[in-house]
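Each remark here refers to the structure printed beneath this line.
Chain naming follows the written order as A, B, C and D, and within any one chain the residues start at number 1.
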Amino acid sequence: MDQGFPLFPQQASSMAPRVDNLYFYLLAVSFFFATLIALSVIYFAIRYRRRSESETPPGVEGSLKLEVAWTVIPLLITLTFFFWGTKLFFAMNRPPTDALEISIVGKQWMWKIQHADGQREINELHVPVGRAVRLTMTSEDVIHDFFVPAFRMKKDVVPGRYATAWFEATRPGRYHVFCAQYCGTKHSAMTGWVEVMDPLAFQNWLAGGTGSESLASAGAKLFALHACNTCHRPDSLARGPNLEGLFGKTVKLQDGRTLVADENYIRESIVAPNAKLVAGFQPIMPTFQGLISEEGLLQLVAYIKSLSKAGPSPAGIPPPVKESAPEREAPK
Amino acid sequence: MADARAPAAAPSDASVTHAGPRDLQHHFDTMEQQRDASSLGMWVFLVTEILFFGGLFLAYTVYRSEYARAFAEASRHLDITLGTFNTVVLIVSSLTMALAVFSAATGRRRALLVLLIATMVLGGVFLGVKAVEYGHKFHDHLVPGPHFRFPGPYARQAEIFYSLYFAMTGLHAAHMIVGIGILTVLVLQARKGRYGPAYYTPVEVSGLYWHFVDIVWIFLFPLLYLIGRHIH
Amino acid sequence: MAQHVVPPKIYFAVFTALIVLTATTTAISFLDLGPWNTVVALGIAFLKATLVALFFMHVKYSPPLTRIVIAGGLFWLAILLALTLSDFLTRGWLAVS
Amino acid sequence: MSSALVAPPESKHPVEPRVNYLNATYGVKSWLLTRDHKRIALLYLASITFFFFLGGLFALLIRLELLTPAGDLVQSQTYNKLFTMHGVIMVFFFLIPSIPAVLGNFLIPMMIGAKDLAFPRLNLLSWYIYMVGATFTLWAVVHGGVDTGWTFYTPYSTASSNTHVIATAVGIFITGFSSILTGLNFIVTIHTMRAPGLTWFRLPLFVWSHYATSLIFVLATPVIAVTLLMVAVERLFHLGIFDPRLGGDPILFQHLFWFYSHPAVYIMVLPAMGVVSELVTTFSRKNIFGYKFVAFASIGIAVLGFLVWGHHMFVSGQSVYAGMIFSLLSFLVAIPSAVKVFNWTATMYKGSISYRTPMLYAFGFIGLFTIGGLTGLFLATLGVDVHVHDTYFIVAHFHYIMVGGAIMGYLGGIHYWWPKISGKLYPEAWARFAALVIFLGFNLTFFPQFILGYLGMPRRYHAYPPEFQVLNVMSTAGASILGAGYLMPMVYLVWSMRYGKAAPANPWGSTGLEWDTPSPPPTENFAVTPVVTDEPYHYSPGEVEIVG
């Protein structure tokens, strides 16, 4: 990867060629207009150069037709940029549903990465090629930004909420990870690598991992440790909303608003329980701000999500992660 | 456009620099042009004040839309009687200020003096009531920071409400203090008979500023004091 | 613009209107009108502000430029509020932000 | 716009030293307490030149550090302070005041036939406020600087940074009022003090662009003032307005910050466009093509400039739908800029184009501003901005607009009105050479950064992967040439004050009202207020030909 100096980034994700095509289209249009203007200025400057000081050229008022033309035409061209760009932007913000779940916690000047099966990595992200990967990211202190140039993927990681990004690697290899939002002294040292591996190699790497328990089961332990089940329980003694099947369900709040329970809602309800009080419940839940680390919150969220995916499985045993055969997909 | 100027043919008084009425500055052609410039200048300044307070109003709007219940809860701890009283005080001060401009325009020098002082006193009363309110907040541990105590579940959001409360009313009070400073200068000049029907632009322009500060309070009062009253 | 001297009786009339409106807005705030509370409170505040501006600040007798300047100021405040709220209010729309 | 007033005979060398604004009074007090808009302009010229070279010094240190992939010239903490101070000083203490406070202050009263601005005392107060704000910021620089970037993003600036954030924030807060006063002064002057007969559509385009800039001064600056106040208060009392741990929202800070900071980039470029409109017409000896369109393009840029700030936040967690709205509006704001460039080009058609130094700067402006503007379209496109946001592509884009555009326009304006300001002619040969060096040095510095940006090199990086080194070395080489290029005008302009040839009243044969006064002009500008009867830029005596 260090051959001489590259002039163009590698295309290592399904999104990369699509972004580059739009980039080349923009380059072409810009090059056309830039040369048009440059040539006409140079031509006029030479053709009408001042030959004598007493020369008085004819006054030219202007022309409405020309003005309308060079207002409407650029507007139409820029609208094409707008629509193509928006189409791409929505594709970037809608991760496929079957994506591999990975959570990342940005902390002043390192990336702490957790796989669904429990593997933990610092500044290293191992992913299988050809499989969509969905990143759920948050920060413990200031705003960071997870940027992988080879995937054309970038997302600010804002403390206090989850940011989501996704990619589908299409070429095995090691690609840079940069922090792209200034975050303090060692901002430029907060870098890392994405290791894209063949599915088989990825399985071996997974198996060879530290073998610690999965995210969801770690969450179940935390759920018990903090005695959440004293209020959140399926039976009649429950004083808090029932969490089974909560993820993805629409929740009706005390002040009449309704919202879809996503990761952000679950995390906020743990950290600031009364910000979005569920209708019909008393605001008695204490805040766990500062009591549970960001990793712990991710584990709890994973546990609560696991409660709704495969129905009421006994706590502690995570449903097997659906392993779709990673056939070689032609990059979209 | 407000550029109704002396007809082009008569630039006579323009060339004569200092002979015009004593208060005409050298670079203006006529008194009317100078007066137009001064009031337009104040109005443009008031637009910057709208945007200046606007930043705080934006923060208030965003957080109120997100933490509606907590804001209502927090605002119930504000003293509505003092708030309403202060609103009335400011409206009366606007009246006295407007009458002061009227007295200056019609040459009633004594009335101008009395009314300017009345406006200052009313401003002082407003600030006094504000000081009392702030005292209550200190006493009730409602000042954001390490000592902030708020009963019930909405402590964090209430602290944001009170940060905005102190920011907005504090900035308003600062503008009130500047207003009283300006009025002091006016009183000193009015005592020397500086203002009369021929020249009272400073009184008028200061009146615009004072009325603007009153308008800001007219919006602050319902937004901060009244939103939590109806929720039991 | 400043040549126009406003008779005091107009000032007193506007003054009474403002006092009445203040009393009304405080009284209404105790009734539970749901979302209408905010609308009414802001509506009254806007009315009071307009009264102060038109009569106390002589906008009624000022050249049109003054009104344009005020309208500009309010419009820019509206830009700040509207476009920022366009972000905050549409955050939850897409399933995942 | 030749006025009914008969201009004094075109004497090459005025015989006896006339009384002008420079020698009317002497002594430090006459300068520090002056109310003459021309002297205040020179006070501003001196102070912003100091800050330009201070900011430039920081830039050179940054480029030196980036010669090598490893961060080995300075520690990372110092590097962070360098780019922060480079940003703060260049943006708030040079680019924003440069053309309006120097050329605008000097020329607007003369261009509209007035004796001075509407509020001379406020104008002097504006300079003092600038200096007080500058003192706060310099105090912060001397005592260890600030390391938050010129953007002061929270919660880093409020909770995490341990540098002099409050002192710098207060410094910028105070300097903001200097801009507000200048903007307010211009708006009132242009509305109420135009000479008889000088209708809005006879105003020079320089005045139109400064009117638009003043609208932005007045409508945007207060918001950054209150935002920095909130940051300072939040940092002092640990409040939670922008700190997520205390319930606040850092994205709200970004909205408030960029509501000012995007229009601020139009504050920097619009006055330069005004200068270029004057240069292109004078040195093509032709009236501007499409006067009304160029005039209203300035107002259009000022107004639309307020609707687009969200394109700085496409990846910041802002909602996707808001991103769409801001992206569409960002394309609209690009159109008036394009209209201006097309009109300048059309003005040269059938002109009599001279290659004097100011015109070289105008050519440079049109070329570089076009590249800057077109790359802006890349950033407004949602799909591409996700990749290039916060990389060197953005650094290159805004330097093409600010350095390629605003500074080229500023230098062109300084050279064009130098005879009027100083009464002396600058050395033409040296000036052209300097313009060429600046143009080459600039492109060598910033064009490689577009390539670096798309490669993915992030902004504000103290150390970078080795494969980016070659492009960075090219950029540093360019920066040293650019630095040398900027020193030259400093030298020969100061030299010309003493040894330059005396300048006639109208060395370029321009039609502006300001050229009807002697060089340098008397304190009162005009003995008799001129009466304007002609259309602007009427270089050709015959009736005007309507094309197409």
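Here is the rule we go by: contacts are C-beta pairs under 8 Å (C-beta built on N, C-alpha and C of every residue); 3 or more make two chains touch, one makes a residue touch a chain.
In this text the structure is predicted, and so the values were computed from the model without any measurement.
Taking the mean of each chain's C-alpha atoms as its centre, the chain lying closest to the overall protein C-alpha centroid is D.
Between B-C and A-B, more contacting C-beta pairs join the chains of B-C. Here the CA centre of chain B is 15 Å from the CA centre of chain C. Centroids built from CA atoms put chain B at 47 Å from chain A.
Chain B and chain D have Cα centroids lying 34 Å from one another. For this pair, chain A with chain D, the centres built from the Cα atoms lie 36 Å apart. The multi-chain contact residues of chain D, meaning those touching 2 or more other chains, are 191, 219, 223, 247, 249, 251-252, 255-256, 317, 320. Residue positions of chain A touching 2 or more other chains, listed in rising order: 93, 161, 163, 272, 275.
Multi-chain contact residues of chain C (touching two or more other chains): 65, 72-73, 76, 80, 84, 88, 94, 97. Taken as a contact graph, with one node per protein chain and an edge wherever two chains touch, the assembly is complete, since every chain touches every other chain.
Touching chain C in their complex are the following residues of chain D: 191, 219, 223, 251-252, 255-256, 259, 306-307, 309-310, 313, 317-322, 325-326. Those residues of chain C that touch chain A in the shared complex are 92, 94-97. Taken in their complex, chain B has these residues touching chain A: 66-70, 152-154, 156-157. For chain A in complex with chain B, the residues that touch the partner chain are 254-255, 272-275, 277, 283-284, 287. Those residues of chain A lying in contact with chain C across their complex are 93-95, 161, 163-164, 259-260, 262, 264.
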